[in-house]
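The same chain A turns up in both complexes below, where it pairs with chain B and then with chain C.
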Partner chain A sequence: MDAIATNKQLNNDEIFDLMKQFITEVIGEEFVEEMDITPQSSFTKDLEMDSIEIVSFSEKIKTHFGEQIDFTGWLSAMDLDQLINLNLEMIINYIHECQLSR
Partner chain B sequence: MSRFLFVVPPFFGHISPTLSIGSSLIARGHQVKWIGITPLAAKHIPEGGEFIYPEAELAEHQEEIDRILKRQDDGPACSGPEVMKLALEETYVPFAKIMMKGLGNYVDEWKPAVIINDCITFAGALCAHIKGIPSVTTTPVPPDVIGDTQTSAPKIFEWQQQLIKGLQQELGIYEDDIFIHSHKLNLVFTSQVFAGFTEVPPHMKFVGPVKGRPNHAAFDWERLAAAKTPKVFVSLGTLLVDIRAAFFQKLIDAFADQPVTIIAATNPDIFDVWPDNFIVNSFVPQTELMPHMDAVICHGGFNTVNDTFTNGLPMLITPIAYDHFHTAKLIVNAGCGISIRYKRLKIAELKSAVFELLENPQYRNAALKIKETFIASGGNDKAVQLLEDFAEAEQLVEKNN
Partner chain C sequence: MPVIQVNQREVHIQELNKGAAETVLLVHGMFSNLSVYYFNIAPVLAAHFHVVMYDLKSHGMSERVLEGYDLNSMTDDLCALMDVLKLKKVHLAGYSFGGLIALKMAMRFPEKLGKLVVIEAPDPNDEKTRGIIDDYSREFLEHYVANFTDTTKVKMGKRQMERNHRMYEYLFYQTSIKEDMILESGFFSTPEMNTLEKDTLLLYGSASNCLQAGKQLHKLISRSDLIPLNGDHNIPIQEPEMVANIVAGFFKN
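So, the complex of A and B:
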């Protein structure tokens, strides 16, 4: 669906909606409906993403944004507490910054 | 004949394979004892063996031990990185510190020729290192569960190293190496093929599943024989107490009145009434039961995984926490089962997965291939041979020094 890397710069709301769409694709609509996804939602605690789900979420980001965003590299540089506290807002800000620094 | 001391954690899944090899070692005339942090019921100990519970030295730590054990109930609700913290920082390292005194005293008294530590029971290998006693490690789960953190997550690798080196320094070990596992012999109770290893360090020996631990659980064999529909064994293991009722409610919703017989290992008290096609017992003779089954549902506890593929049965694995996800990945890679994460488990999907396993022979055929790799790994005989050769070689080294 998102096979072509897009060059359009997204604002934070648009990035949030896109992340929400990716999460829905990864964990299934049925489970997303039970959650109230906000920028403050923690990735591992609130969304209960496991490693396999995080990998497929990362792949969606890669397919959509292409080389301009190294999400996996960004994640792998984190320590345990950063991973535990990782929330959607941090991801949105990271994508936003990558777009600006292009 | 040699003296072997197993150092075990308070988790039955990790103790279980040591009871099986211990039983074989005793049959060969060796002296075998176990030492742990909580008592173990006598019925589990092979005849001729002894379980040491150093009560006096543990007394001052009792509150902490209870708190850590209670904390394990939080595991299923924790995220991956939180579980890593819970396991290493809040469980394995403190348990190692707590065990050292009682273990050290007992080792001085009994003078084992070999100390065999379970992979999460660091005190065994550390005590052996400090006292210059040869040590072996037992690993009941496929190793490399966390993956190569050194390259994929350097900060997490550093955190692991610091925790372990901190523990070692506290115990007076100032060398730069890591000594929580044996560098000479590590017995792994699965096959190299199933664990997905192409290259193996020389000290790591995949011996496959081991069996023979005492299990005197009674079972209503007549009722099982009367069941005419396909038989599905369900186990949640010995941990995970809090989610037991929710898990089995899903099974009831999926399989009550379906043409299957569910044989469940859980306390029947969690529900007043069970459907007629459910045979439920707190304790079951799992090894004897398994050959009568057609499929297995479990969360990924490794002894059940081993019993399943030893019998060439297909599995539905519903990983919950800890190393379950890694095991689920191996099962999917081998093609011998289906994985549905427990937190994303829907009734309709649960039902269709089980009937797919029963009706599509590809899963059973893949399971039979894993069975062959298990048998080829050698089991008890291989484990005993490796331990005897190791003890003999180490005693020679000692004589020559």
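So, the complex of A and C:
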């Protein structure tokens, strides 16, 4: 189940663990076990996620962080190349910045 | 994850800017899913409109269904979705096969629509566009993926290839999609096409195989404008920002 929106500030390691949890929920544990997920893992190349899976992943982020971040708005500023190269670290940094600016 | 029940079937939807006065509904194409709009096009439209996207049956994260891929059934599905979401009237945009669904909606339920955008809808009578669903094979999938999908720039990995292969095999061999499409070959010649009175924007790639279909529709639909954009059949992926801005401008005015 998706977690409910929380106000607790997370550090980068906690955000990374949460992202890993979301990825596992989206693509399934059996695939995640074969992968070494790191902050440098890119969504399309390393994790082999397709666009509808990235939609699911985005929804989990939106549900979890709620109003704290404008994740869809942030993604929409990216072109296709940027989306393809998107990695976990970029998202972790973005969420971290949003938390700091609140 | 927003999966709702429509006629006892699971339908995956995504909504942006729910409070807005007017709604734009977006329909994706065959073998695709709502992500074709989600990242770049929907957020631009959501600056002004309530935006609703949904996955067609057996596509994306919607439930698999064996039958009912003809345009009557597809528009029945869309009407049922509008009822569940309590949408009385929407602006409608459809891409490729979704463009045909949008046109059929305008013929059958004009009272439910504001303006209409048709992006790269093919003529179902054109053998080349229909041929794509006639000879499916693994090689075809690899070719299709390399040339016609939004993953053009990435080599598809093993898991993705398997996943897509399963979806295509299901659609090609188990559902009625092929037979249903062949039955639609006379769609552009139906008399209702001539009497369509919606303000209609036709967006086509200037290098697209479907451009001829766009010109045909422009002749048939009296209140239509045809805008050729740089690109081919994949214009929503090649020029998402331009497509989004043109569509938003058209719906706003």
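The rule is simple: the second predicted complex is superposed on the first by the 99 of 102 C-alpha atoms of A that agree within 3 Å, B and C clash if a C-alpha of one lies under 4 Å from a C-alpha of the other, contacts with A are read in each partner's own complex, and residues count from 1 in each chain.
Note that in this section a contact is a pair of C-beta atoms (placed from the backbone, for glycine too) under 8 Å apart; a residue touches a chain by one contact, two chains touch by 3 or more.
Just so you know, these numbers come straight off a predicted model, no measurement behind them.
Asker: Is the arrangement of chain B and chain C around the shared chain A a clash or a fit after superposition?
Answerer: When both complexes are placed onto chain A, chain B and chain C end up clashing with one another.
Asker: Once chain A of both complexes is superposed, is A:D50 in touch with chain B (first), chain C (second), both, or neither?
Answerer: In the superposed model, A:D50 contacts both chain B and chain C.
Asker: Which holds for A:E59: it touches chain B only (first), chain C only (second), both, or neither?
Answerer: second
Asker: Mind working out whether A:I84 is in touch with chain B, chain C, both or neither, as first, second, both or neither?
Answerer: both
Asker: Classify the contacts of A:S76 with the two partner chains as first (chain B alone), second (chain C alone), both, or neither.
Answerer: A:S76 contacts both chain B and chain C.
Asker: Taking the superposition on A as described, I'd like to know which of chain B and chain C A:F31 touches: first, second, both or neither.
Answerer: Touch status of A:F31: both partners.
Asker: Which partner, once the models are overlaid, touches more of chain A's residues, chain C or chain B?
Answerer: If we count touched residues of chain A for both partners, the winner is C.
Asker: Which of 221-229, 311-319 or 347-355 in chain B clashes with chain C after superposition?
Answerer: 311-319
Asker: Same chain A residues contacting chain B and chain C, which ones?
Answerer: On chain A, the residues that contact chain B in one structure and chain C in the other are 27, 31, 44-45, 48, 50-52, 76, 78-80, 83-84.
Asker: For chain C, which residues count as touching chain A in their complex?
Answerer: By the definition above, chain C touches chain A via 1-2, 14, 16, 33-36, 38-40, 42-44, 55, 60-61, 150-151, 153-154, 156-160, 163-164, 237, 240.
Asker: Would you pull the chain A residues touching chain C in the complex into a rising list?
Answerer: 2, 27, 31, 44-45, 48, 50-52, 54-56, 58-60, 72-73, 75-76, 78-81, 83-84
Asker: Spell out the residues on chain B that touch chain A in their complex, using ranges where they run on.
Answerer: Answer in residue numbers: 79-82, 84-85, 152-156, 159, 319, 325, 329, 341, 343-344, 346.
Asker: Show me the residue ranges of chain A that touch chain B in the complex, using the header's touch definition.
Answerer: Its residues touching chain B are 27-28, 30-31, 44-45, 48-52, 76-80, 83-84.
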